[in-house]
Amino acid sequence: MPTVYITRKAHFNAAHRLHNPQMSDEWNRETFGKCNSPNWHGHNYQIEVTVAGSPDPETGYVLDLGDLNRIMHEHVIDSCDHSNLNLDVDFLSGIIPSSENLVVAFWNQIQPHIRGGELVSIRLIETENNSVEYRGE
Amino acid sequence: MPTVYITRKAHFNAAHRLHNPQMSDEWNRETFGKCNSPNWHGHNYQIEVTVAGSPDPETGYVLDLGDLNRIMHEHVIDSCDHSNLNLDVDFLSGIIPSSENLVVAFWNQIQPHIRGGELVSIRLIETENNSVEYRGE
Amino acid sequence: MPTVYITRKAHFNAAHRLHNPQMSDEWNRETFGKCNSPNWHGHNYQIEVTVAGSPDPETGYVLDLGDLNRIMHEHVIDSCDHSNLNLDVDFLSGIIPSSENLVVAFWNQIQPHIRGGELVSIRLIETENNSVEYRGE
Amino acid sequence: MPTVYITRKAHFNAAHRLHNPQMSDEWNRETFGKCNSPNWHGHNYQIEVTVAGSPDPETGYVLDLGDLNRIMHEHVIDSCDHSNLNLDVDFLSGIIPSSENLVVAFWNQIQPHIRGGELVSIRLIETENNSVEYRGE
Amino acid sequence: MPTVYITRKAHFNAAHRLHNPQMSDEWNRETFGKCNSPNWHGHNYQIEVTVAGSPDPETGYVLDLGDLNRIMHEHVIDSCDHSNLNLDVDFLSGIIPSSENLVVAFWNQIQPHIRGGELVSIRLIETENNSVEYRGE
Amino acid sequence: MPTVYITRKAHFNAAHRLHNPQMSDEWNRETFGKCNSPNWHGHNYQIEVTVAGSPDPETGYVLDLGDLNRIMHEHVIDSCDHSNLNLDVDFLSGIIPSSENLVVAFWNQIQPHIRGGELVSIRLIETENNSVEYRGE
């Protein structure tokens, strides 16, 4: 049976700020520069979730992409879209919302709900030039 | 002499919130929905500035795109990038930062500085699906 | 009051075939080539609708983009998405579904429902390299 | 000798329908939803083929991309472009044309013809938000 | 009869250099900066040609896009692709190959060959951030 | 500790020509076709550099993307941008500037300077349809 990797992309718009509250304001400014700007800034985030599995002979699907989309919305996008990633999202509480930390947190939200295939990658695209990927390792 | 339209694109990342402080919180929630989210959200904005003019026979330029880029940064992007459009930008003070109001404000910032051609259009792209254009009329 | 042009983009996936039933099969094959292929082909269509108007001082909106999106879905996308443009869409009955004819038909579907601004342009993007625009003239 | 992965992208436009003829119409409607729409729908498909190998010291090429492009056209695109994937393509006969099944079938068409490198991946992009990849395993 | 604007996009890859041979090397370096680099640089150019006209009732076409594509290739792309725009292209002889001058020269090459519609715009996209448009005025 | 892959994209515009000076002109023309065009052609190159590592608990960063961007510019882009890849770049001396050879050379330039993570991939995108990747193996 062949293993096929299927990827679903979705979007959300959010505000954030890179700031470590355990460090001084001066350290934060020096470390994060304009990403530490006190009144927040924001992004049009894109998230790409990849699941590997064998196509079901009856449907030709590894997984119904509508189901995958629903999981992505219920467990990540509904709480992150039009939100402040530092203040508003329960599962990000206490996490500095760098792209690296976000993508690991999103994995932990999505992974337990994947059926019929194995979650193998989540990519988070913050800007045209910056992206991150987590593979669960 | 031919008239050529030259366009320069640039980017900035900012937080904002649609909120009219003269109206009730309930009115704001009903009118703006999730765009009124209290702790802000944000976007990767793209701005495209178009200037019309005749190419200079000595240079082949309507206008040095490096100069246009500098004007866009000095008068719009340097103050908007990694900022909160409701709180941090002097020239947006008192303005509800809808894309429509932003693009008119950006025109007013950029127009007085254009030399050697006529500013004819500014487009502001807020998301993949939403954009606005102002032509100075 | 400034006039701002706001644009909303949406997508639909459809099958079609260029075929004039009043002409011979030979004429159709010669005229339309592979676009006349008998068992249909299809596209990921993008539609961009532009409305001009003055931003409302209370909202900063020319028009609520959610309303515009609803109009686009109710009057075009709901009937065209995952459909056969030659067979399934009432308002396209009797029309050869070239991009040119589609964009005019979409204008006629959308134009009567626009409030608070003037419909000025609809673009239909059929492929990366081919697009059409209608301005109501 | 370094191993370099080279990727060539190409496009085709096709109609299809997700339908398992061994199951009832009701099962098909419930399983595939609008993708089961009886009169077909379609997509602008993008296919990306990746081959790994060592650059030839005389040419700097792993493989002439013109040759790879020709293989992709002869064995996949010429028969799929402007076609109906359920009805018109010999090598897809009896296959439900889900993206998953398509990408595996395309691999089987292309793999025997690759010389001078190893086929390592084929990606098929069905829409902006949906794609699949097969790595031959 | 409605007027529809149809646009065809094509690509070419070329080398060029901004240099006015009637001026000193120093003037050229100061005026054009790195675009004056002596051993050339290059771009993946995109050209978009827009023609306005009424769809033919028999075909639904303003103009066969295959014909428009052929005109673009015969009169612009075949001579510019994989060429040096300062040295290799007859119709650019004596022209500083700025985007502004190129787009006017391309208009003059394409305009006499357009049948069945009116050439209304040519856009030339030099980089992600820089583009020009000429409307024949 | 999770391993996250971070990717930074940058751009440069350059001229080049595929030509092996140890072979005859006829061999070069037959082997490289229009890519051997004597007066050069050029591209808008995109380079994507991917580094793997664990996010630092104090910053949430695998690596400061500003630092990665600086390394990419100092060791690749500053010498390649607006240059002739056959003539102007010291570290490409004696190399046929195919995408395959370029990406390996770029790896050798960038790899020694990566701190705090492991360089795992460099992709070089030459045109919309052609790209290469090197993983250091």
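So that you can tell them apart, the chains are marked A, B, C, D, E and F in the order they are listed, and the count of residues begins at 1 in each.
The rule is short, and it goes like this: a residue touches a chain if its C-beta (ideal position, glycine included) is under 8 Å from a C-beta of that chain, and two chains touch if they have at least 3 such contacts.
This structure is a prediction, so every number in the text was calculated from the model and none was measured.
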item	value
Shortest chain-hopping distance from chain B out to chain E	1
Farthest-lying chain, centroid of Cα atoms versus that of chain E	A
Recurring contact interface, reference B-E, options E-F, A-B or B-C [over half identical by residue number]	B-C
Geometric centre distance via CA averages, chain D-chain C, whole Å	28
Inter-chain centre distance, chain A versus chain E - centres from mean C-alpha coordinates, in Å	41
Junction residues of chain B, two or more chains touched	128
Contact pairs between chains, per stated definition	A-B, A-D, A-F, B-C, B-E, C-D, C-E, D-F, E-F
List of chain D residues in touch with chain F within their complex	2-10, 50, 55, 58-62, 65-66
Touch list for chain A against partner chain F, complex	18, 20, 23, 31-33, 95-101, 103-104, 128-135, 137
Chain C residues within the chain D interface of the complex	11, 13-16, 34-35, 37, 39-44, 81-84, 87-88, 127-128
